[in-house]
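Structures given as structure tokens follow.
Paired with chain B in one complex and with chain C in the other, chain A is shared by the two complexes that follow.
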Partner chain A sequence: MTSKNEKVNQENILSNDQIQINSYENDSVEAPRYSCALSGVYGTTLGIRGGVPILHSGAGCGIGQLFGTLYAGGQSAGGNEGGTSTPCSCLVEEHVIFGGEEKLRNLIQSTIEIFNGSLFVVISGCVPSLIGDDVDSIVDEFRDKASIIHVNAPGFEGNSFEGYEQFWDAIVKQLLTPKEKQPKLVNIFGIVPYNHVFWKGELLNIKNILKKIGVDANIIFTEKDGLENIKKIPSAEYNIVLSQWQGHEIAERLKNKFQIPYIKFPSVPVGAKQTSEFLRKVGEKLNISSDKIESLIEEEEDRTYRFMEYPADAVILVRPHSYFAVVADSGTAIGITKFLTNELGYLPDIIQITDNPPDKYRESIVKEIIENIETVVRPDIIFEADTYNIRENLKDRPFLFLLSSSLEAPTATEDFGALHISVSFPVYNRSILVHNYSGYDGGLQLFEDVISTFVGPL
Partner chain B sequence: MSNRQTIEDNYEELFPIDLSKNTCPNREQRANGTNVYYGKASKLLDDAKNNKILCQERKFQQSGGCVLNFYLAVRVATIRDAVTIFNAPVGCSSSALGYRELFRGVPVELGRPAQYNLNWLTTNLQSDDVIYGAADKLKNTILKAEERYSPKAIFILTSCTTGIIGEDIEGTVSEIQDKINARIVPIHCEGVRSRLVQTGYDAFWHGVLKYLVKEPKEKQEDLVNVASMLSYTWQDRLEIERLLSKLGLRVNFIPEFATVEQLEKLSEAALTAPICPTYTDYLSRGLKKEYDVPFFLYPPPTGISNTDEWLRQVAKYTGKEDEVEKLINEEHKRWVPQINNIKEELKKLRVDNKKIQVLGSLGQGRLVSQLPYYDELGLESPAAMSQDFDDLLMDELEEVIDKIGDFNIMVNTFQAAEQANIIQNLDPDLTFTCPFQGGNWERDNNVTRIHSLRGDADPWSAQSGYAGAVAFGNFIVQAFKNKSYQKILSEKTEKSYKDWWYQQPDPLYYLERGE
Partner chain C sequence: MKKIKEIAIYGKGGIGKSTTTSNISAALSDAGYTVMQVGCDPKSDSTNTLTGGKSIPTVLESLRKRRGNLKVEDVIIEGFNEIYCVEAGGPEPGVGCAGRGIITAIEFLKQENIYEKYSPDVVLYDVLGDVVCGGFAMPIREGVANQVYTVSSADFMAIYAANNLFKGIKKYSNGGGALFSGLIANSVTFPAQKDILEDFILQTKSTIAGFIPRSLTVTQAELWGKTTIEANPDSNQAEVYRKLAKSIYNNKEEYIPSPLESDELKNWAESWSDKLLELRKQEEGDFKI
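Up next is the complex of A and B:
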């Protein structure tokens, strides 16, 4: 048996033909499961209460991302500032010829006048980049009038997950100033609004669980006074990054600029094992008494594992030790794969990573999965953004469950003979408000979602 | 002589459809279109007649949609036996991500094919492509599409980026067309090409007419082309099929969820009939010019009397004049009593016998079709909102004004703040909202949607024909029965805009006047 601590030979991992690291997808691609950089900045801004995106772009970029990012992120419309409410310079040919700067200047001025909002985020798309507008200078004119930043995010320079990084890069460079340190305050990074479809509930769960060990988590998104949350980022004792790649750059930047160390965790912790491990790690770094941590873990695990007994008859009689497939962004794939394998006793058949992470992070994502699954089964792990290839890779395999985007939902049974659960972007077929798989209760919710696909009268 | 007649007589000269060109003219040029106006409909009509319509700049504007998004991106990707290629950075196509799920909710028993596949790719343009050009990338993407799906057609949708960097799409296509079986259809929908999203319709139809429609093998005298919008549901299709089948006619619904073959055979039909006149306009004129397929543009089949007239028009071109009167009589027996009941229900809601005021945000096509329907129900519109306006529908607007009296009209493409302002100031009894507009629906009064969506297969959501007139009437009655959702959220959440915006009287406050 492979145990969690057994060292897996690195050479084996990389030379294994079950692993396809591939490289960053910059070729043409079929229905990729992300949008562009502008979209990532846009969604991140809308995740902040009081954040007002100002698109310097063609007129379709806001409404396009309403359909392709916001609705796709668990049927979440953009609120007061999203969709067709988003201020936009709506550039057309005459601006391409004469420049869009005056239009943008008027737009920023009027947006500040009209909108109830506190943080204004000017997002430059493809058009101003191509025509050479000097957006920085125009944004500079307004810096004393409002909290405003400029993020240059042409769609051809990155995808939506990378847009999250660009947003934070701009915040650090243009907005943050040193603050007095606040003990036991941590910032949470690595959860991308809308693109990580359970973002709202995950952030709330993380905050609540950390509160129980006396740690104040600044989750930034979803809470009133988003700008205040952002401004207090430099006060944190630690940053916590819940991803093998997302948020790493911002954490490095904050370390260099404000001397904030960071704690890396490979994903949002899903279920009891990962959450207990997470709490121990955070407790150790923040010098929280291990008694406090262990007593919380004991209490939570006691409740959680009793709950996991209830569906046991259904699991054992109907679908025990089943193969499953995951098609998801790296964080979601890691958390779910480990939970289903290590807690439900399921067998990972194939894991396809869809968020197109930069090449330098790919091996660590593979290792995190391979080294932490408690089964003799070795899943195929493939980095793949192309929906045609993803579907080809799923053919003729033993899996009974497919955890992926809702793209596969209508035909998972006829195409792959699998029961389907929508867990990763895009998710159009479920409304996601607080539902999520993080923490102790989150693991139980994933358990519920999986078991509910097949239970009936026994 | 009416305006329509004048334009019809000189249309060829005024706005020739020239399929030797790569694309259509913009609506701004072809039809003096605008996306900004607020005032009396009669004045807008006068301006249109006198060529005085202005398309001015706004100092405050919101993302109402471009030529590609959302009118085309979410629609072309639903054409079967085809592949859509977005020649663009990756974000321009994300709105099409709903493609696989869209029509799956329609039960097979209602006529949806059990097996079908829809496909799209993006060239996923990168910085290097922008610098060095992306012709090879497009070529390879076309080959990839051919290899994966052997489609009958490959649609290429262009973007702001390909437009600005000057990609020669036609050059690429001509190099590769001979090497593949699929017919390649470039569609010029660069977001920056036009302020008017309706230009996207015309650009799409131009591509269809230029590359896909075939010379008719045989004329099918019982076939009627109907261009359906994404805001018309599966039930609307069934209703139109039901009615036309009673006249012995068949329907060719395009382009949503159509097959490529259905597009190829547009030339064989006896008639092109509208559901939305401005949507169908370019196609109808093109089919008439190239293949002598007759068309009419007004009215669409919305409400009882418009459905009567729509059927009569269909019958006129298909030799079914006698049958149609019989059909209308039969249908009236079934549906008119139900409409009368709805009118009675709505009457009961009146205070001091004052007509109920409704405010709707509409497309131009719906503007001229839906207002008469509200009138039929005994409802009144203090103002109408239209996404854009051009002189293609002048006569129809005049007819509406004659019939229901003058009214205010606001022209804007999803400008949520302008709409929030007039909703606040006019405070109608019922707001029909187009559901993309932030908190505009949050109010202490009645709210419902203006239209349903194509994947919705429930009879409750129908709007077209007689069945749709009754279903939508009942739907409106229901809208008056509970306002908790919008009321509680208007009380408990922050407003989008600062108070002064709602309090000042001019929705076009930020218009750049006379500059």
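Up next is the complex of A and C:
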């Protein structure tokens, strides 16, 4: 087993040599923290109400993602169009040799007839991509019958986070047309359905908090009329991207094609400090009166910090200034690390980033953490997706809390002497519906989750 | 069980692989051996001159139609002099994956134990040109052919394809794949063509199994849907094929050739450029009649 991890310390964060070492797929990856490109497109499609995925692939691509992506995203099934109900061309050897075009044509025809969907997304997996099925022209035959797009997403082309970008690329190229601008309308990008396990609640929270400053957030996912939400994307005044890298490509595309500028925020804001900063930034860009913003911030912070006093005794008396470890995708890791450090006074010991960010974004992820934590403690920051390596990296360290996937949950105490909270993909050991750590209340919920690991038992 | 001689014959498209293979099959059959010829090319015309110019049902098309109920008798057709003719078949041009088709067809034949049922002395696989992907390398992998030949003219692209085949053999030789047994020099009429091929085999540490001159007798026989052996058994060309077939059957040479790297091959070809131009002139003169 090779361990070509990348460790970054404060002194050398700007040194490229230190930041760029491992490319995750060079070696075999044990229990990776993501799935393939097809999975990213599939999950993203299912995140849209009325979205119907049509898999042009082997049968296993669908059933594998039921277990590997949907259940792994906080025990979420795929709804009427997901899981075992997913239309799939179920390609077998005959189609590999002679092509699967005719079967796909019949599948699209019957899917459009049977499903009550509004947006049909044909997702090509490895087999048609390798043999060169001309899926585009087949999809073209149906464009006047339904809203339909084709996303070429062979699993080998990238991971599930990259699949999210491929989905949007196809939407922009095949579906969107210029629309009249709607003031104070923003689109939210960077939260990847299922792979970002708190996606449902986070999007709702972001929408609600922006509503309070008069901004209409088009969160696209989870809401009725998903296709309508997609169609109004070009009307937005701004796009808001809540990640250091996910959603950046789509934001760039929309900027070039529809002249929509975008606001970057390093992660979904977690807790009072990050949320207030987020509101100020959005308010400034969208010309919202600072009085309005500050008055909301004052009100929310007043409430939030009073709430944080309730469990404060448990922290101060039982687990003050504890070290913690985070193993999560970059979006989740950044928000949680900053909250625990800056608002609870906890000490970041080691942060492992699991979503395999493209090389060009890695330095900015590291800088975002290192430069925004108010502590003298400097965490090791490691980019790693291999579960064996992740566990090795966690051994013999001082942390008391481990915020990671559910894969570490059963043995966290035994192996690392740590109390565990499931916060990142895959999460099989908790059902996640609206629970999340975004906004003012989200910070409180993270606080609740941390305290609940050690109070009691009676 | 008797030892079966399994031979794969590769070469660039249009170079005369199927013609040569079918004539070798016909000659061996004439000499009393039980012969099977397996065409491994989606255009499935390898055995046409053994079946009176007619196409036979292919393994893949039949597998598709019969859905698991296919019997080998449906796809093993007796041709000239009771030669067992098989065509792997494959997709239409531009669709699907022909390489996977070859793999599937050969796996089917192996599963059905055709060697026990038909007990051939010699099996010849006639394989599509370049070894472009894993599928077309199937006949040289472990457990299929044990000897490989390539048909090549002195044309650079034919030599290029032969060199690619050498690369394939080298790769699979580590895993018990087939070894090389010689280059069959086809359409060799002028001394310079012979020189070029002889130099190529010197560079690649390989051997020549035989020379076949260009001949109108062959073309004529093909137009009749027959091999030269069947159509003109007494011709000189038939004698050439008979000699080649005999030497191939008795050939014990099996080795790993040394393919040239692309730069080496390019440099080598450049060193022959003047000779080649001269040849082209001669050939053009030859056809002016």
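Convention: the second predicted complex is superposed on the first by the 432 of 458 C-alpha atoms of A that agree within 3 Å, B and C clash if a C-alpha of one lies under 4 Å from a C-alpha of the other, contacts with A are read in each partner's own complex, and residues count from 1 in each chain.
In this text, contacts are C-beta pairs under 8 Å (C-beta built on N, C-alpha and C of every residue); 3 or more make two chains touch, one makes a residue touch a chain.
Every value quoted in this text rests on a predicted model; they were computed, and no experiment measured them.
Superposition of the two structures on chain A leaves chain B and chain C fitting side by side, clash-free. Once the two complexes are overlaid on the shared chain, A:S39 sits against chain B while remaining clear of chain C.
With both structures placed on the common chain, the touch criterion links A:E93 to chain B and to chain C. Contact with chain C, but none with chain B, is seen for A:E101 once the two complexes are overlaid on the shared chain.
Contacts of A:F115 after superposition on the shared chain: chain B is touched, whereas chain C is not. Angle at the C-alpha centre of chain A formed with the centres of chain B and chain C, after superposition on chain A: 60°, rounded to the nearest 10. In the superposed pair of complexes, A:I131 makes contact with chain B and with chain C alike. In the superposed model, A:H150 lies in contact with neither chain B nor chain C. In the overlay built on the shared chain, the residue A:Y71 is in contact with chain B alone; chain C does not reach it. With both complexes placed on chain A, chain A has more residues touched by B than by the other of chain B and chain C. Note on the superposed arrangement: chain B and chain C approach each other to a least C-alpha distance of 5 Å. On chain A, the patch touched by chain B and the patch touched by chain C overlap at residues 93, 95-96, 130-131.
By the touch criterion given at the top, residues 93-99, 101, 130-132 of chain A touch chain C in their complex.
Chain C meets chain A in the complex at residues 60, 63-64, 90-92, 94-98, 100-101, 104. By the touch criterion given at the top, residues 25-39, 55, 57-69, 71-72, 77-93, 95-96, 103, 106-107, 109-111, 113-116, 126-127, 130-131, 154-157, 159-160, 388, 406-411, 426, 428-429 of chain A touch chain B in their complex. Remark: chain B residues 57, 59-70, 73-74, 85, 88-101, 104, 119-130, 137, 140-141, 144, 148, 159-161, 164-165, 191-195, 413-417, 435-440, 494-498, 501, 510 touch chain A in the complex.
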